[in-house]
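What follows is one structure encoded as structure tokens, with my remarks underneath.
We call the chains A, B, C and D, going by the order they appear; numbering starts again at 1 in every chain.
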Amino acid sequence: MSFQNPVFIPGPTNIPESLRKACDMPTIDHRSPLFGQILHPAREGVRKVLKSESAEVFIFPSTGTGGWETALSNTLSAGDKVLAARHGMFSDRWIDMCRRHGLDVQVVETPWGEGLPADRFEEILTKDKGHEIKAVLATHNETATGVKSDIAAVRRALDQAGHPAMLFVDGVSSIASIDFRFDAWKVDVAVAGSQKGFMLPAGLAIVGFSEKAMDATRTSTLPRTFFDVNDMAKGYKNNGYPYTPAVGLLNGLNQACGMLLQEGLENVFARHHRIAQGVRAAVGAWGLELCAVDPSVYSDTVSAVRTPAGFNATDIVTHAAHKYGVAFGVGLGEVAGKVFRIGHLGSLTDVMALSGIATAEMCMADLGLKIELGSGVAAAQDYYRGHAAVARKDAA
Amino acid sequence: MSFQNPVFIPGPTNIPESLRKACDMPTIDHRSPLFGQILHPAREGVRKVLKSESAEVFIFPSTGTGGWETALSNTLSAGDKVLAARHGMFSDRWIDMCRRHGLDVQVVETPWGEGLPADRFEEILTKDKGHEIKAVLATHNETATGVKSDIAAVRRALDQAGHPAMLFVDGVSSIASIDFRFDAWKVDVAVAGSQKGFMLPAGLAIVGFSEKAMDATRTSTLPRTFFDVNDMAKGYKNNGYPYTPAVGLLNGLNQACGMLLQEGLENVFARHHRIAQGVRAAVGAWGLELCAVDPSVYSDTVSAVRTPAGFNATDIVTHAAHKYGVAFGVGLGEVAGKVFRIGHLGSLTDVMALSGIATAEMCMADLGLKIELGSGVAAAQDYYRGHAAVARKDAA
Amino acid sequence: MSFQNPVFIPGPTNIPESLRKACDMPTIDHRSPLFGQILHPAREGVRKVLKSESAEVFIFPSTGTGGWETALSNTLSAGDKVLAARHGMFSDRWIDMCRRHGLDVQVVETPWGEGLPADRFEEILTKDKGHEIKAVLATHNETATGVKSDIAAVRRALDQAGHPAMLFVDGVSSIASIDFRFDAWKVDVAVAGSQKGFMLPAGLAIVGFSEKAMDATRTSTLPRTFFDVNDMAKGYKNNGYPYTPAVGLLNGLNQACGMLLQEGLENVFARHHRIAQGVRAAVGAWGLELCAVDPSVYSDTVSAVRTPAGFNATDIVTHAAHKYGVAFGVGLGEVAGKVFRIGHLGSLTDVMALSGIATAEMCMADLGLKIELGSGVAAAQDYYRGHAAVARKDAA
Amino acid sequence: MSFQNPVFIPGPTNIPESLRKACDMPTIDHRSPLFGQILHPAREGVRKVLKSESAEVFIFPSTGTGGWETALSNTLSAGDKVLAARHGMFSDRWIDMCRRHGLDVQVVETPWGEGLPADRFEEILTKDKGHEIKAVLATHNETATGVKSDIAAVRRALDQAGHPAMLFVDGVSSIASIDFRFDAWKVDVAVAGSQKGFMLPAGLAIVGFSEKAMDATRTSTLPRTFFDVNDMAKGYKNNGYPYTPAVGLLNGLNQACGMLLQEGLENVFARHHRIAQGVRAAVGAWGLELCAVDPSVYSDTVSAVRTPAGFNATDIVTHAAHKYGVAFGVGLGEVAGKVFRIGHLGSLTDVMALSGIATAEMCMADLGLKIELGSGVAAAQDYYRGHAAVARKDAA
């Protein structure tokens, strides 16, 4: 008996039936006009999900990591200075990538569990009178710690400092689940992936470029071919790609955007918030704490739950998989063994969330933690009962 | 967002991924040898699931109701006498069918919630010295009341009475989920459907005929063509059907039997018992009672839960569908409005069951019943923790 | 390597991708309102395909044979007289069914390859002053011989005779492929299946009943339960079924009707005619003849091709399957061994048809028939070039 | 009516039913042991398809172009010299990539239609006494011209010259369709994609690295992160990826390798050769010529067919798509407008190939070329009849 329980990893997420079918597509000629009928609406859909009027949207057969590389390699040159904070595994990896590509990263070390230090950014940017910093890297939602940062504050830091650096935002685990405002925040490059809020299998890096970022491609000298946005732009003008596109995933992306926009982005965000609040109510009922230090940074897509000192949180994940066939996320990097993670993004219902909470309870009890069975479930039920959207189940 | 939550109706059940794919088959020539490679193993698989060495298995593009009609119309003649008990909606319907086909049914009225009255059967059969009763109809598992009956006892009644009547068993909601012994119980016709323990979509009537039942086809004069087992048997000998078979469903049935036999029938039954025990623990924790009067008749595939007097149990089902997108079963016939039903058969995990229990709790609380949130979940968790099979998740 | 070539059996047909997906549906509660959103449009769609304003459409989890039984058992009583012609395997089987159900069939023996003898029907009906004949059975398209009959002429025969007998039409291999006019021809019961013009897997008997046929259900005494149209009608009024419906197939049927009506029925018929003309041009180029005696009875859904005397036509079918992985239809009954059949109904393109024609050529040459390779293909190409509809390939 | 005809583009190819299903996979935890059960057999399968005992196989969520970039960026440093021939669009693009990444490419201009100039390579390598050339780039099968080159000869050129340069082979449109010998030819990096011989959707770059190529990664200084093979190797050791893997495609790849190895690689190659021979027989019958100058370089995966001077070959492709719903490939680069391409790789039968040939004939006739209808089909039929493998159609 397999594949029956929902997954509670923070991506890839559970895939809705209709998107499974949209991706499972017979071969078409990707040089035929039919392909344009998939590509262009998909790009337009992403643009709307980014809340942008004018972002250039590029979709690579790759992953979020490829999206990071797209951002850097198209806009910067070896030796360029970038500013970033390290406050989780994914910001850490992006910093590492910068260094591999010969960039000079100024890292603001930030405790894991805290959000981006916009104040520190402002100080540093203000001091950078020569505008040597070419880009600020911001991880909107740290998947490792379950921390959502305030990108508007980072934008204000740039503006207060009167600094022209580009703003690159990793929105892999936020976009399409948590409010993201490409235009309002004057984001220059936004990076997303297919396998989180877009509810698709992994395999697409989805990026949005501002006009300023497109301008930067003209002077950037980092080598690039596969991730070259200008090659991609040229392909799009001819209804095509510079190489073979992942047609099925693009078809899925087109439909995913349609689903999200039909539900309404604010409703999508509210739904994620509701599910997350239930999970957090459960965590509180268990007497445990989140890795995220403060409600202002609680992520609506993933909760990293701290377990008591001396307890290996990873055991919960292993035990849940082995005994109950349920997948949670392990702690990564600095918080490895200290937290386990409950993903609650993408296509999830209150009812599914309750089954994850119930499973976590059983696991913790099995492993000797003092958790009252049903306590977290009851707290979440109480929240969901009061806030439930009316369920809708349409014919497929 | 649709189709995400499991269903908790007592069939059709949740369909495993691999069976979805087995049924979704491109067209093949059903007169080619390839078809035989699907048909014969499917029939052999069903025979093993029935625990029979020699039953003739017939599979019609139909439903369980068609299986009932197959049993009657192939073996009996207008005016023939049959013995049956009415103790639920499905036994009631089978009795009604007998009458429409001109049979003379002796009905033993039995309280809904009780099992088959083997003692009464024995009395009646013993008195029937002329052996006018040609068949005894037995509903193994009354889906309407969540009552499992003792077929071995019915067999003993026949044997004690030294009566030659055939024994027809409706195993639609028991076979492949609850122990069923075609040979040991000397069943003459067993009736199943694809959409319950076999975990497939509805669309197949699956029947097993004993040699005695096959003999009865020679003298039976009830009209039949579509459901004629001898036409079917002749077709099978030529690797075919008397008309167009439902090839995809047969392919699914073949694989379903493979899954069941690989897990081991006793393990399948134990799994259903475990899931059911958790549900029953929840019902107890809620302070509610089952429609089934006694643990000896508790069904491991469906629980009909009585709600307090004055409360319309159907509201739970409507509310669950509307607010939480979860499907339970309504009460039918005599117990309409008095019970709601939780189906727990087919492809279900402990974790899925917990989400159903949690949903039922929320619904009952929403509708004003005094149900402590989390109480049923905790009772089920406690049971599942102690009895969980180790989860297995194989590559598809 | 499997399942790649199209099938050329006269049903089940090749299934379009979108219908495969529509049928492959997760379990829903068939007692929920969602089911009504599938059922009612499906029935309405069938009604339009039948070209009827008022036919009562019933859809059984069964096959065309079940549809025949539905027609007879709901409207007639044992001993009733019916009139039918035997001119192929399927008319023969329906006649046989009548006899099994106790009806008194007056059979007009008609050479296989000819159409229905409307003149003989008129004579017989005119002589039946007492109106003992209760129903006339008409096979619109004899799948065994590739003969399409003139149902309008049968209707005229009834009208000329002033005879009130009901008109039952087997449209299994015509409806949704060849013009069928329920209302204009005053058909009383039309019988179809899912696996032909509706392009779905086998598993549904689809029937339309006129008001007169519905009236006949009140006096008919043939036993019926599974196929009882009044039980079905009662179910439909409550958005349900008297038993478990085949939800996925119904969902597919709904979409199939949508596809057909969007293309336009006249366009669908024209497409079938075009494909068939190409096949017939090939047969002519081979120097062979059809079983159908005259162009006026050529079927647009299946061609039965006569092979030279002394040659076993079935060898072509066996050889094609074995050597080339392509399925044709064998001859049945009186024309077994004398014809092989090329099905060209449902979802088929000119290009697919050409591959079937090319395969038939290779097989015949392999087996020693004097067939010039490419000759039939060239004749069909010539026709298709001049008559091709513009191909359309929309995003799924 | 859509998606029914096979495609005849030189990739992505027609996808077998079983691989469609293998790719269409529900979400699993890619950090769970289950993932390793997919990943490791897939890599091992690829290794066998490469005919290698020891190649390190890496699979990126990307395309063949990403595979090229993987080869270069992991093994070379800016300013490094590489040797390559330009004799088609794909060799041209790889050369262009080298330059973008700061490599110094010595290009041997070679007429489009010819194979790799192994003699010229040997001369150049022999003269390169200082061994400045670090790598030789070889396009095994030029998809643009339908030219297969002799990689063994390129290896001999290196060996004769006693030159230590690495040998990088683009096998995107050859591997898994045409004989490829990683070990025998001492290939250092082989590049393939999922969408050609592996019969899967696009989305995977599949590369094999020799020990020598792995050694080169230690000194290479080209920037890389997404395509870093050492990160990937480290991930594999822990059953994982450095980022989110495309699990469904990997599952498909595992099954694709299983299919290929079960058929037997030599049988797979023979099948491609047989299909290709039929297509080439048709081209000859049309009185046309291939772009490939000589039978020794005829590709078994794609045929580029030259049309008469003054005729725009691209019109055939447009016309075929518009009128017949069939996809062929256009000419690219230097041969744009001069050739159209018939892809015949991956999952294709003789019967499907005949439908492509028949369509091409109709198109050419429609557009005024003097092509006798049926002539190419007859030539191909003649070939296929004499060489047909026995068709096999197993239960899915």
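Criterion: a residue touches a chain if its C-beta (ideal position, glycine included) is under 8 Å from a C-beta of that chain, and two chains touch if they have at least 3 such contacts.
Keep in mind it's a predicted model, so treat the numbers as computed, not measured.
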item: Selected interface, B-D versus B-C, where C-beta contact pairs are more numerous; value: B-C
item: Furthest chain, CA centroid comparison against chain C; value: A
item: Length of the line joining the C-alpha centres of chain B and chain D, rounded to whole Å; value: 53
item: Centre distance in Å when chain B and chain C are each reduced to the mean of their C-alpha atoms; value: 34
item: Chain B: positions in contact with at least two other chains; value: 3, 14, 17, 24-26, 28, 32, 321, 393-394, 396
item: Residues of chain D touching chain B in the complex; value: 17, 21-22, 24-26, 28, 32, 34, 37-38, 251, 393-396
item: List of chain A residues in touch with chain D within their complex; value: 3, 7, 9, 11-15, 20, 23-32, 61-66, 68-69, 73, 78, 96-97, 100-102, 193, 195, 201-203, 222-228, 242-249, 321, 327, 329-330
item: In the complex, chain D residues that touch chain C; value: 1-6, 14, 16-18, 259, 263, 271, 321-326, 347-352, 354-355, 358-359, 361-362, 365-366, 372-375, 377-378, 381-382, 384-385, 388, 390-394, 396
